[in-house]
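Chains: A, B, C and D, in written order; residue numbering restarts at 1 for each.
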Amino acid sequence: MIDKTVATVTAAVADVSDGMTLMFGGFGLCGIPENAIQELVRLNPKNLCCISNNAGVDDFGLGLLLQQKQVKKMISSYVGENAEFERQMLSGELEVELTPQGTLAEKCRAAQAGIPAFFTPAGYGTEVAEGKETRIFNGKPHVMETAFQADFAFVKAWKGDVAGNLIFKGTARNFNPLMCGAAKITVVEVEELLPAGALDPNQIHIPGILVDRIFQGVNFEKRIEQRTVQN
Amino acid sequence: MALDKNGIAQRIAQEIQDGFYVNLGIGIPTLVANYIPENIAVEFQSENGILGMGPFPVAGQEDADLINAGKQTITSLPGASFFDSAMSFGMIRGKHVDLTILGAMEVSEKGDIANWKIPGKMVKGMGGAMDLVASAENIIVAMMHTNRQGDSKLLPKCSLPLTGVACVKKIVTELAVLEIQPEGFLLCERAPGVSVAQIKAATAGKLIIPEEVPEMRV
Amino acid sequence: MIDKTVATVTAAVADVSDGMTLMFGGFGLCGIPENAIQELVRLNPKNLCCISNNAGVDDFGLGLLLQQKQVKKMISSYVGENAEFERQMLSGELEVELTPQGTLAEKCRAAQAGIPAFFTPAGYGTEVAEGKETRIFNGKPHVMETAFQADFAFVKAWKGDVAGNLIFKGTARNFNPLMCGAAKITVVEVEELLPAGALDPNQIHIPGILVDRIFQGVNFEKRIEQRTVQN
Amino acid sequence: MALDKNGIAQRIAQEIQDGFYVNLGIGIPTLVANYIPENIAVEFQSENGILGMGPFPVAGQEDADLINAGKQTITSLPGASFFDSAMSFGMIRGKHVDLTILGAMEVSEKGDIANWKIPGKMVKGMGGAMDLVASAENIIVAMMHTNRQGDSKLLPKCSLPLTGVACVKKIVTELAVLEIQPEGFLLCERAPGVSVAQIKAATAGKLIIPEEVPEMRV
């Protein structure tokens, strides 16, 4: 068994530097790597390109990196749940590349799986397809999209073992599994870090081979963005 | 009388058949879930990674790890499953989802849809809408017939940046049910008490008016 | 909850007809849909195109269809563990399209996920790439491959519920999950059919939306091809 | 004296580093697992869907649902995981597997490999070999230096249909360890008691012979 544990988030994130491309799991604030984000705020690398479905809110998630103006470019499908993001975007400080959500997911999965490019119908005939190759398959036009290339992937899982095997919970799964192994280095924080053999090998969502560093996360806030209940 | 948002949702619910997997967009489409007949089996997919989505939780039972694509807390029903975003959009692109219901800013008589961007305004992004409209075989648009300025949203050609091309099959507004046909918007039903003339006046794109235009039953 | 159960294998397979393209899960004899294969032998459709990583052995698995000369074409990565296969292939009765195993898997997954084509490095510069488009990405040549198109997928799972949700066991998983939803109709046999809600929604490998028909399999032989033990 | 198959496996085992994920082909490569030093952590991947493969089971403990790519019954070790074939080849194509060890019929001085097809004979197929050789950054070929007819398997150009192009990095035979260099086969080590002349005689492709060719330590 190959041990992937690192003792602290500081050790896990220490080699992130200016100008890197970083992937972040999560949908809205659900399943985001809270510990890594906090540490990136402390470490304060600048000119980052962040690949994340969303951009957090003003005072949580990737909004924290935006507040410190660490982000040069966001690649997302849906943004602007926060005022600072909007300000930076409209002022031109922040570059935003909007990508259809399914294409975003598939570009992560392609990077993980060594598929350099694929065709999808999403975005054909829209500005998303501008400058991209298009082709008809089975009578229907498709757009060619390419795999992401990133330096780090920051992932949050529910349970993990020291071998890096991961299990996600509920809809906190989202983009997290797809970013494992999709960047040069994959850093995972878990709610519960277990010894090897503690997880049923049939139930593992992501095998440890796709994980480079795993650590026990602390103080997860798991903030709810839209608390909605029955009448 | 023109329908309200719940009326639109109620009419759309009639399109849902037994055994359908359905993806509901934000806004009016979300209300459709309230009008599914008891005697049919329907499962709701939310593209952030759940199939078998249930109602909102009772207070105190909210789970931060269980939300819908609108980021609202939800519940799951027996037979539900969770999955990653690649699997989720695999379901969508692979045409496994039977029906997509979503809102729109504009629809053209060719079935083009614009619902994600207004030039000059803050753009929040398309989320999963481009994947949904490009892939679904069965797309119903739920929207008001005209915008706040009173301009028709059913146009010869969309003026806003497109979300998808030639993809919308049906439109339900507060005034009418329309289908996209090669020749234009086919007027299928009128809202109760709404005249064909009213619908014609509110439709900028080519409207095909059959001899008989029945009233909706809602 | 949408109920996907059918009462018998006969009902599940009845509409397979001559000339169809069929997918079969399994690796060697591990995880093959035994019940569906038996029923296809009984039903006896001819001129089938079979997509399966392997072709069974003389008296088990797809070898049973070969014996009855039901198969016109095999699409596989590794074949010829049986004498009848070899005889039909060498005599020209049976057409064989050999595909790299990873490409075979990805062509299934692409069909499931609505990706009409993708690029892979596998097979570049070999006869597998003949007649196919090639392209360089990141300095490395790749071959374009397209999604499978099939009429039926026959899948074997370990546990399933009436909603069609599936869990696989050990290495009997292999191609089975990838073929779900990759054909027009997906037929699944399970060792244990459970009520909806009996499976943890976090642990489901394949959601029921990718399954059209599910039934309780019977008399699984689960033959071992190479019984190997420690000295 | 030339090595036997176990000797080749033993020499290859020295190439495996702590923390490596390794895919072993059928034949000599399978034997490599027997020679991994105790003090390093290595995990074996089998492309049919397991990481953390263990030894063969004890008699009576065979599980039909747990086999390797050679269809042999196996066991799993603590920390193992099972996955589908798309994930498995994702690991391979995505360069997550650190080392691939496989057999060959022929290797060219450019690193081309042929190991799946002999024209005119029954072709069993390439299995996962084309994916493995096209993707692995680190490929070691384990084979005999010559075939049964005594002809060299290290050639200027492969005569058999290729499995992959310019992909082999290292070759270990019963006679030598060789690396593929832009100029040809670099002779790195000789088997104990084997002379450079013997190796030269058995190598049809261009052989680069350094001044000093150390003996292998096995």
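Heads up, the rule we're going with is that a contact is a pair of C-beta atoms (placed from the backbone, for glycine too) under 8 Å apart; a residue touches a chain by one contact, two chains touch by 3 or more.
Model, not experiment: these values are computed from the prediction.
Q: Which chains does chain B share as contact partners with chain C?
A: Intersection of chain B and chain C contact lists gives A.
Q: Please tell me whether C-D or A-D has the greater number of C-beta pairs in contact.
A: If we tally the contacting C-beta pairs, C-D comes out ahead.
Q: Between chain A and chain C, what distance separates the C-alpha centroids? Give it in angstrom.
A: 33
Q: Go ahead and note the Å separation of the Cα centroids belonging to chain B and chain D.
A: About 56 Å separates the centre of chain B from that of chain D.
Q: How many angstrom lie between the centres of chain C and chain D, each centre taken as the mean Cα position?
A: Averaging C-alpha atoms per chain gives centres 29 Å apart.
Q: Go ahead and note the Å separation of the Cα centroids belonging to chain A and chain D.
A: Computed from C-alpha means, the inter-chain centre distance equals 36 Å.
Q: Multi-chain contacts only, two chains or more: what residues does chain A have there?
A: 106, 109, 113-115, 120-121, 168-170, 201-202
Q: Among all residues of chain B, which ones touch two or more of the remaining chains?
A: Only 50, 76, 82-83, 86, 89, 92-93, 135 qualify.
Q: Where do chains touch, given as pairs?
A: A-B, A-C, A-D, B-C, C-D
Q: Quick check: in the complex, which residue numbers of chain A touch chain D?
A: 1-3, 109, 111-115, 161-163, 165, 181, 195-197, 201-202, 204, 207-210
Q: Name, in rising order, each residue of chain D that touches chain A in their complex.
A: 19, 21, 41-43, 45, 50-52, 76-83, 86-87, 89-97, 135
Q: Given the complex with chain A, which residues does chain B contribute to the contact?
A: On the chain B side, the touching residues are 46-50, 55-59, 61-74, 76, 82-86, 88-89, 92-93, 112, 122-131, 134-135, 161-166.
Q: Please give the residue numbers of chain C that touch chain A in the complex, ascending.
A: Those in contact with chain A are residues 106, 110, 113-121, 135, 137-138, 140, 142, 146, 167-170, 201-203.
Q: What part of chain A is in contact with chain B in the complex they form?
A: That would be residues 27-31, 53, 76-81, 86, 89-90, 96, 98, 100-106, 108-109, 120-128, 141, 158, 168-178, 205, 222-230 of chain A.
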